[in-house]
Every structure is written in structure tokens, then in C-alpha cells.
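Here is the structure we will look at, set down as C-alpha cells.
Letters A, B, C, D and E name the chains as they come in the text, with residue numbers starting at 1 for each one.
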């Protein structure tokens, strides 16, 4: 037995709002073994595909998760659209891009807050979430809801954003940009924050690659992987470079996500400037038949949507592979040898979403 | 005036030891040991009373001791032969040199050297009586405990040959030598008793005759013999130069403007005391001594061996005040106090923690002696008293616990209060004695702090401030282990009655000391200081001491009253918080693999920061360097001063 | 005594999609600031008065929810936040969802919404703290009457 | 790298007005188009049950014979799909949320008898507290 | 009599002051975060609430250990305000801290045990600075007596700014403020949940809370010793300095992340050694 402790971490734990459980073996508060256990939140969402028609499934797919809910809806409808060979009108694609990036901003700000919270910086948490409220207001203004957008439909979008609202969005993100600049100084420049992020949870590029990390987590380890470069929605027509960093520690993850915030702001500006007038949706005729894998870049990384239709309104299969699912093995790698105090920040550093992982 | 108790106390144990060796029937030998221990204890009392009836005045005896001197020389040569034989037997011939050389030098001094002044060979004063009481009471209690302990020990360790006759023989020789040591004033006698304790400890450590034991015993031997060499050189130099071999004369001359030989002799003797008191860089022998059966550890650590070093330093204290020797000693002591207490944090083996804490506490006493002011000696005396009692209690307790629990790892003691209540309670008292507020240890620390501020000893102030923080850390976390709630099944307590008797007496002593402590200060320790320094500064005013008494009562009363009060409050039991996945009992939770997983809670050990492996060698290096440099400086300045 | 001024929350995420979850957190952040009602978000059931549960109950979290509820000292109030916690919501037809929080513990206040808005959550907390006060008062009255009975 | 880099923000915040909304002391404001709750113009409804069939969470119940339309607001996810589907466009999303309550009540609407001229919508007691924003 | 009045004041008013100060703390923090924040009296409401809740514990002995912790701390505070020996006060205070440790580990629960161990580390981190401050008082004013220190001619801080810095530094630990709140945090989200208080609920938590107030007032009292001298105006200065440090602590709390205990131990010892050490050396030289 020696000097080792065996203690539980989660499922109910205030640092991680979501239930994930780890069996930790620690010695002097250094972790020597971490065995994760999930499933506390499994709903069996994909099973609903057998009971709901493919149009209703849009709303259910969105509820894979309330944070990147827009992305889930988007991934699902794009998959169906591919199966049904629907050409989505340009304005709808641009609108989707704007919403997706707003969603990314709200998600990253949320994450910054949670990260600050995990290393015990309460006021920074509050500040991040205060900024985030602006984005949520934009959500509500444009879609009618703070979190779950419900604006996607197969073939296009339900709502339009009129020009005055687009202008308003531009104003607001300008303010957000300023406010983010302010918190960036603390996130990246404060001594006490650096003691909790620099050199913590190192993941080399090789490890990240071999263990299959995705999203900002992988990009912080120097892997250039950003599915937006595949050009779905309107990304193909916008100008951006994936944000990467080579340090592979928690600090790099902060850095990457903060820079991605600026990137999103830039993308939204570009999209608003370029958005064409036109139809909002293309008529969807018939039922989906065939299968498709749709890969999109969620705030947390690559998500995969697989649909298989059989020509009726009920799909055969719908599967989702989510970014957190891919990021758990590398996470467990970084946990070994970490401090107990770093478990929270480290788990948070992959921006875990157990909800979509377990669906 | 004559005090027949003195030769009795020295010789009686020796006689008993012969008996021990001869009687091979366990029952009879145990009975004899028992009775002899009680006799020694009683005689210590008689000596004290006798001396007290003569007015608590220092008394000197035995000026003419021609015959005894020869006997002493003979004994010394005998010891040398034993060491030489054993070191050749175990293939470490060079160790014998450390014994042969000093013995030869001493023999030369006695046989061929100049005629020395006639001195009294035995001297009785407050300090030696205090030591006698500690040796007499604690030592005898340890013997009583050993009777029960060794029975169980041999029962469980069948691989170790049963040589209890030998073990008890050495125990008694040891006691005799210690009495001789603290009562002698003749440096030549002191030297003999010194070497005797060294050799006895060597024999005790090697008792099990296993590889590790032999290795460790030789380490103890050479370190102590090295000290013996220094002692011997110091004595001879002093004797040749000043024509006397009296300790009190040495100290007397040492205060104020001392001749070079006296300065050097004091430095050398103090150095010797460092080895005996297991100060850095010589601490390793004490750690190695843990392989011996517990009673011998208890004896070595609490009552006798290491206290011999402290005793010598206390004696020399007036001669060290404010000079370079004092600075060296107080630095080494303070440094040892801090670094050993830091290293104790990283230990989980109960006995090793005790060993480390012994070294650390001795360090504080050594530092007190090094400062050499009445205030520090006041603190030092109390440290010694409390340390002797609580350490002895703890060692015995941990031995008994090990017999029942089959482990002495602190981590295994999780919830011991529920599993082995009596032993855990004793352990609790012992540990509290080591550092909690109303118990004397802490107050002594306080006095030491105050005195070192008064003495402008900055480094010592730092050592004490930081060391006291680290000390509380490792004790508190151990205490926490004992009381933690557990549902593990109780362990059968197989502690023998003898052990229990000794343990209970210790515990009662501990509590009594704690309450009588202000009284003890004014009645005994202050006269002691008067005697030593012809001045006695009250370190802690009476006013404060009264508050302390109130505090102590309060301290015992508060938890008690709180307990009584809370007993009647209705409370519902619940499961402990485990993030929502308890399995219905508090010792397990639902693990990731879907099966129940045992909850294990370990303390912090900082093994990467303050492990022995990390800190021991640097500490040894630092202290060795300091000692070498300071010794050179002392000798150079003494001789240089003499030449100019 | 007025104890409703200090309702401390325990938030547990049953199997929510995170929507309600983060809205619970959002209701504590500057714009909604539930702390002005005396709310403190403890993570410890021992210290909580109000259990906010989001998401439905599934086979794996049912014992956890039950346990957390049991570990809260009385008086206590349970608030189900979001339609998942109320009824199982869109997921109630899946194989793994047993239903709303009331499947395993008594729910006192239902806060509808998908995701429940911070305003609704604050409403829920306000209702819950009234209930909290009421339960405490009832208990006091009971104790008093028992004492009275004993005295007679 | 700096120490207490956040101090300027904190100190200036100290003298700024809190951003906290006064809810519930002041009513919440919702932007236009906020999807709060479903309202029905019951007199327009033809009990075709399309809304009930298509509701992802099965919150709506329509009884053609009894001419009733019921919604369980503790089941509705405010997705608005029913409003898209209703052939008579008699369902709308209105701002404002169902108040929390101790019971999961079902809101019940009776279609006025066909002969009569459309009168004020007859809603039962449970409907009265719907959609007042609290 | 002279001693009794401040003692009684402490006994009766300390929890009230502590509570109100904490109330202001929460309010100011909230305003810094652009929130409205709870009412000033919120801490008192909390304690009243806790007092009325059902007591449930893992191990019954926790009750009396916490009660002992409370009583011992109060007693130490009384001793301090009665003007006795400062070192004794500090040593007894360290004993009362042990009771807190006991009351947490006795539950045998993971979070509270780990919290308790961190609490021990915290004790280890701040103790040297506090002891050194006492030594500093002794060197500047020639006495360990609180009375004596108060009646010195000049404020102690003049000669011991280094000790003051070290003391204020470790005050952050004592007040459980971020960055040094690893054992128990006032913030809701801590890796140890509620740390040392995880297994304390209802009345027990109230005991803990009240003791904290007593303790903070005691520590602030020690801080006042740096300022107070014979001159009655110095009392005003002391109050101002206390309020300033309190505000500073709130600001620090709001501008730093929670450091790990390793860093905390390192930092606080380094600061103690540097600030305290230089000051001590200077003092001993001029003596």
C-alpha cells in the first residue's frame, strides 16, 4: 500500500459541471494512475432515429449538446443534404457560418471561464462569462434562443438575419474583441495563472498525433488540423489559417483558444461583408436514401456525423463521433504524473463535453 | 559524607548483567531482571533523597582511587580487545584502529604520563542527579518492557537466534555505564564509560546478526569510536598541559579567558559529544540503529546513549557561551534540528520518524547547549526531560503496535484508535507530548527561541522558527492517521502485561510532568542553573507559568467538556462524501471498472522534496564542512593566540 | 428565524445536454447573479439546501442522484431544471432514460424550458427558498408541539 | 509576465455599475422573435393533429372528437417545429416562459363549438399564468 | 479591569466584526466582478441558517473537536487581547489549529482528509513568518507582552517593515484567500470540493465559520500591533492600515489564480526568509 492514496474524482464534482469519474491513484498529490469512467450521462440519443423522422431529428441532434448545439444541427443537416443532393443557397450557407462562429465564440468564452474557474481565478471566470453574455444576446436576437438555436432545417435555414441586425452584430463583436483583449492580458500574462498553466499537462506533437487528439487541443500541440479548411458551409469562401501553437501545455491551449476567438471575430466580419442576398432554403423533396459521413469543426474539434437513409422518412442509422471522445485517451496520458490540483484544469483543458461524448 | 548508593548504582547493574548471562531459564531470568529493574529504580530514588537531605549541594567523592584506576584501565583494554576481535571477525579490521589508538594513548598517560593532580572522581550535583533519575526510571522501565517485548519478539521472529541472556546482559551493562558516566568527574573515568556505551550500543544494534544489522552496528561503532578518539585526544592534551583530568576544572577554566589547551580540549570533547548525540553529519548511526529490537532503540534514543552526548554538552555549556566552539555547536544543533525535521516528513516507517525526530530534538538541545546561557539550558533541560519520557513511551508503544499489527508503517495505522484503542491512546499521548501546546516540549521550544533572540543568534532563530513548523507537520499528520474513521476490523491486542505496565507509567509520567512542569522549573531546574552559572534568569516569568497552569487545565477540560456536551446532542450518521459514488460503507467507492474499489488515504510525504535520499548527503556535506572549518579555526586561533 | 435568505445550492448534472447545465452556471454569473439572493453554489451535498438537478435520470446516474439527495441535511428542496429533468424531455423515449428526476427523488419545483432560462432558474430558486423556509418552520412547530406535549 | 495583472480591471470595475439585471424585481426583457412558449389561436385550429404528430418531444395532444388541444409545457422544448408544421398557422412562438411550479401541469384548450361565433379563447385555470414572463 | 474590557470586547464583538468584514468582502468582490452581490449581513444569515439545519456527521467526535477548536481559538484571542505573552498566544493558536485538523481527518473521507493535509501545509507555510514577527516585536520593543508592545514609544513597523511584509503575505493564507486557498476555498469550485470543511455541515460548519471570524480578528489584532504605540492617534492609524490590508487582500484574491500548495510553501518561505531575514539581521545589528 505504501504512501499511495486511491480516491474517487467525480462524477459529482464542482470543478467539472459534467459528470465524469476518475479513479485516481495518487502519491504526494501526484497522480500515478487515472482510470476514467463515463456513462453517467448517456441518453441513447442516436437510438431516437428509429422513432423520429429525419426532420424532427434536427432538433434532437441539436440537443446532443447545448454548447455547440448549432454545430450539431449543422453537421446533421449537411449530412442529410449530401445524401439528398440538395444545393443549399449561398445566403443560408453564410448565415450558418456566422452562427457557427458565434457559437464558437460563446463556447470558447465559456471555456475560458471554466478554465479560470478550474485554476481558482473566480473573477476571471465571471469576467469571461460576462463577455459571453453578449454573444448569447446575439443568439437570442437572431434565433430566438440563448443556446439551442433551432434555425437549421434540411435544405437551409429558417430565419434570416436582416441587415440592421448584421450591423449590430458587427458592433457587438467589436466590443467583445476589446474585452477579450483585456482578459487576454491576464490569461496569458499573469504570474499566478502561469504557475497553473505553463508546462502543465505536456502533450507532444507525436503523442497528440498517435493518440488521436483533435481540435484546439491538438492544435496546441502543433498539429494543423482544422476541418473548416474543407470548406463546408461558407468557409471555402473565407480567408483564414488554422491557429496552432507548439508548446503543447495548458498555456498553449489557452493561447490557441484566445487566438481562435479573434479568428472567429474576423470570420464573422468577413462573412457579414460578403453575405449575398437570396433564398434561405432549397426545397427538400423526397426522403434521404444512401449514407454519408460529414466532418465538421466544432469548437472542440472534429465531429463526425454519419447518416444512412433507406428512402423512408425514418433513417436507418445516425451516428455521431464527437471531439471529446477522441480527446480522452490523450487526456489520460497527460494526467499521469500530474498534480492532483491540476486534474481539474487538465480535464478542462481538453474542453471536455461529456454530454456529446455519451450522447 | 558518603553516598553508598553511587557505587551501588554503577556496580549493581554490572553484577546483574553477569547473572543475566548465566541464567539460561527464561522465567527465572525475567524475574531477576524485573526485580533488578525495580531495585535500580528504587535506588535512584534513594540516591536523590539522600542527596536532597544533604541540602541539594554539590558533593564530591573518591579522591584516592589508585586501585579503581587500575581496574578502569584494565576494563578499557578489555573493551579494546573486544572491539579488535569483533572487527577482525566481521572483516572490518580498520575499525579496531579507532579503538586501539586512543586506548594506547590513555594507557600511556596513566602509566607513563606525568603525575596528575588529585581530584575527586565522582561528583554529584543537580545535573547528574537529573540524569540519574532519567536513566534510573526510564531505563528500568525499558527493562521491564523488554521482558515482555522480547518474549513476543522471539516468538514472531523465529529466524533470529534466541540470545536473550546476551541481550539483557548488555542492557544492564549499559545502565551501569550510564550511571558511571553521569556521576564521574574524572575525565579518565568518563572516557571508559563513554567507550563502554559505544561498544554496548554496537552490540545491541548487531543483536539480530543479520547482514544489515552488522553493517549498521559497525557504522554506529566507528562513528562513536571516532568521537571517542576526539575525546581521548582532548583529555590527554588537557591533562598534559594543565596537569589535571577533572571535568569541572576544565569547565571552570573554560569560562572566560581560557588557555589554548582548554579551548582545544573543549572543542574536541564537544565534537565527541556531537557524535554521541547523533548530530549531523553523524546521524546515520542512529537511523541504522532501528534494526535492533525495539527496547534497545528506546534505550539508545530516549534514556541513555544519545543523552550522554547532551549531558556532556550541558556540562560544557558555560565554557562554550559566546566563543567559537559554542557557535559551531549551536549551528550544528540548529541545522540538525531543521534538516532532520524536514527529513522526518518524508518517512512513513514509524520507527524512522521517531529516529528522525530524536535527531531533530537532540539538535535543538545541542543548540541550546551551544548558546550556553542559563535560559537555553533551562529550555534544554526541559527538552531533555520531556523528550526522554515521550520518546521512550513512543518507542515502546510502536514496538507493541508492531507486534500486534505486524507493521510499523504509519500508513497502516489508519484508524488505529478504533482498531487497537489502548496502544493508540498511548501513542497519542506520546506524540502530543512531543509538540502540542500545554505539553512541555513546545514551551521549551518557546524558551529556546526567546533565549536565542536574547543571545543575538540569528541563525538559530531561523532554525527554530522553521523547524518548529516542520516538526508540527509530521507529528500532526501522524496523529491524524490514528484518529481517522475506519470500518476496518479491530486487531487483536497481544501486548504483554509488562509492556502495559511500563507504557502506563510513562503515560502517567507524561501527564504529570505536564501539570507539574512550572513547579519543576522553580524547585529543580532553577537551582541547577544557579549551580552551573551562578545566575539564573527566569526565562518564562512566574506570571506566565501560572497562566500556563490555567491553560493546561483548560486544555484538558475543553475537549472533555465539549465531549460531554456533544454526547447528548442528537446527530445522525451519514456516509462520507465521495462525489456521489459511495457503496454504502465509508471504506470503498464504486470504481471505474464497475466494481467496488477500496478507498485508501495516504498522508503527504513530499518524498521528492524532502526525502532522506535528497537531503541527507547535502546536509552531511554542509555540516562536515562547517565542522572541519570551525575546528581548524578554533585550533588555529587557540594555538596561534598561545604562540603570540 | 428567517433561513430563506441563505439558500445554498448543489448542482448535479443528471444527463443534461449541457444546455441547462451552463444556464445554471450562467444564473450565478454577473448578469443574473443569483448570489444577490444569498445563494452560494457549494459543491458539497453536506452543506447544500437546494438540489438543482438538470437532465434526466438514466440507469447509471440514478444511484448517484439518490445518494446526493440522501447526503443533504434536512430541510432540503429539490428543483428540477429543464424539461429533461422534469420529464425526460426529448430523450424520454430513448432506451437509457428512465424519466425525470422525480423517478428517483421527490422533486419539489419543476423549472421548464429547453434550455431553462436563467430567469426561470432564478424563479425556481425563489420558489424553492420559500419552500425551504416553510419546511423549517413546520419542523420548528412540530418540535415545539412535541416539547409542549412533553411538558404537559 | 506580471503580478496581479487584473488589478486595473478589478479596480475600475469597482466603480462601474454592476451589469446584473434586476430580475425578478424588474421584468425580463426579451428580444422580438424570442422562442419562449407556444401559443395557439384555438379558434383557428382544425384539430388536424399534425402538430402533435410532429412534435419531437410529444408535448402536444390533440383530440379531434373532444375538440381539445393540450400542451404539456414541461415537455415542450420550444423548438418551434409545430409552428412550422401547422397548416392553419395557428401556432406561434411567443416570448416569455412558463413559470416554474410544484406540479407538471398540462394546459388545456377547448375549441369553441363550430356553430358559435368565435368568442374569447376558453382556457382553463392553468393557462392563466402562462406566458406572463415570470 | 484594564485587561478584562478588551477581552470582553473581543469575546462579544469579534464574530460580529468578522462577519461584517466578510460581508463587505463579498460585496466588494461582487462589485469588482460587476455583480450586485449578497447583502452585507449575508454571512450572518448563513450562520443562522446553518445553525438550524439538521446535524449529520460521519463520525460523532467531529462535533466536540470542532467545539474545542472554537473554544481554544477564542481563548487564545482572549489571551491576546488581555495583553499576555505573544509567543504563548501563537503557540496555543497552533494547537487549536491541530484540533481543526483532527475534526477534518476524523471523518476518513477523501476530500476532507486531503484538504486537512493541505491545511497542515498551510500552517507550515505561515508559522515561521508569524513567529518571526513576534521575534521582531521583541527586538524592537524588548518584550513579548502585548501590553508592552502597545505601549512602546514608536510604532513597531518603523523598525520592522520586513516582518510586516512577511506577515501580510501570510495573512493571505490565514484568510484563505486566493492564491493561497488550496485547503479550503471560499470560491465554489475547488478541486477538493470544500476542502477541509467537506464533511462539515449545519452546526459544525457554523462553528467553523465563527472560529474563522475570531481567528481573523485575532490576526488583524496582531497586525495592529505593528502600528499601535503610546499615542492614541496610532489606533486610528492601525484601523486604517487594517482596512487597507483587508482591501488589499480582497484585491489579491480577485486578481490571482489558486496556486498549488508547493508553490505556496516555496513562496511564503522565500518571502519570510528574505523580508523577515533581512529585517531581523538589521535589527540584531543595531541592537
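Assume contacts are C-beta pairs under 8 Å (C-beta built on N, C-alpha and C of every residue); 3 or more make two chains touch, one makes a residue touch a chain.
Treat the numbers as computed from the prediction; the structure is a model and nothing was measured.
*Asks:* Between chain B and chain D, which partner chains are common?
*Replies:* For chain B paired with chain D, the chains in contact with each are A, C, E, in label order.
*Asks:* If you walk from chain to touching chain, how few steps can bring you from chain B to chain C?
*Replies:* Minimum number of steps from chain B to chain C: 1.
*Asks:* Shared touching chains for chain A and chain D?
*Replies:* C, E
*Asks:* Among the chains, which one keeps its Cα centre farthest from the Cα centre of chain B?
*Replies:* With centres defined by C-alpha atoms, farthest from chain B sits D.
*Asks:* Of the chains shown, whose Cα centre falls closest to the middle of all protein Cα atoms?
*Replies:* The most central chain here turns out to be E.
*Asks:* For which pair of chains is the number of C-beta contacts greatest?
*Replies:* The chain pair with the largest number of C-beta contacts is B-E.
*Asks:* Please report how many Å separate the Cα centroid of chain A from that of chain E, as a whole number.
*Replies:* 43
*Asks:* Approximately how many whole Å separate the CA-defined centres of chain C and chain E?
*Replies:* Distance between chain centres, rounded to whole Å: 34 Å.
*Asks:* So the centre of each chain is just the mean of its C-alpha atoms; given that, what is the distance between chain A and chain B in Å?
*Replies:* Taking the average C-alpha coordinate of chain A and of chain B, the gap between them is 65 Å.
*Asks:* Among the residues of chain E, which ones contact at least 2 other chains?
*Replies:* 30, 32-37, 54-56, 110, 114, 188-190, 193, 198-199, 254-256, 262
*Asks:* Which chain C residues touch at least two other chains?
*Replies:* Expected reply: 12, 29-31, 33, 36, 41-46, 64, 68, 71, 89-90, 93, 114, 117.
*Asks:* Using the touch rule from the top of the page, what residues of chain B touch 2 or more other chains?
*Replies:* 574-575, 577-581, 599, 601, 603-604
*Asks:* Kindly provide every pair of chains that touch.
*Replies:* Taking the chains two at a time, the touching pairs are A-B, A-C, A-D, A-E, B-C, B-E, C-D, C-E, D-E.
*Asks:* Over in the complex, which chain B residues touch chain C? Could you list them?
*Replies:* For this pair, the touching residues of chain B are 574-575, 577, 580-582.
*Asks:* Which positions of chain D touch chain A when the two form their complex?
*Replies:* On the chain D side, the touching residues are 1-6, 9-10, 19, 30-31, 33-35, 54, 56, 77-81, 84, 93.
*Asks:* For the complex, give me every residue of chain A touching chain D.
*Replies:* 52-53, 55-56, 59-60, 63, 123-124, 127, 130, 133, 137, 140-141, 143-145, 148, 150, 158-159, 182-183, 185-186, 189-192, 194
*Asks:* Quick check on the complex: what are the chain A residues that touch chain B?
*Replies:* Result: residues 1-13, 21-23, 27-29, 35-37 of chain A touch chain B.
*Asks:* Okay, in this complex, where on chain E does chain D touch?
*Replies:* Touch residues, chain E against chain D: 28, 30-37, 251-252, 254-256.
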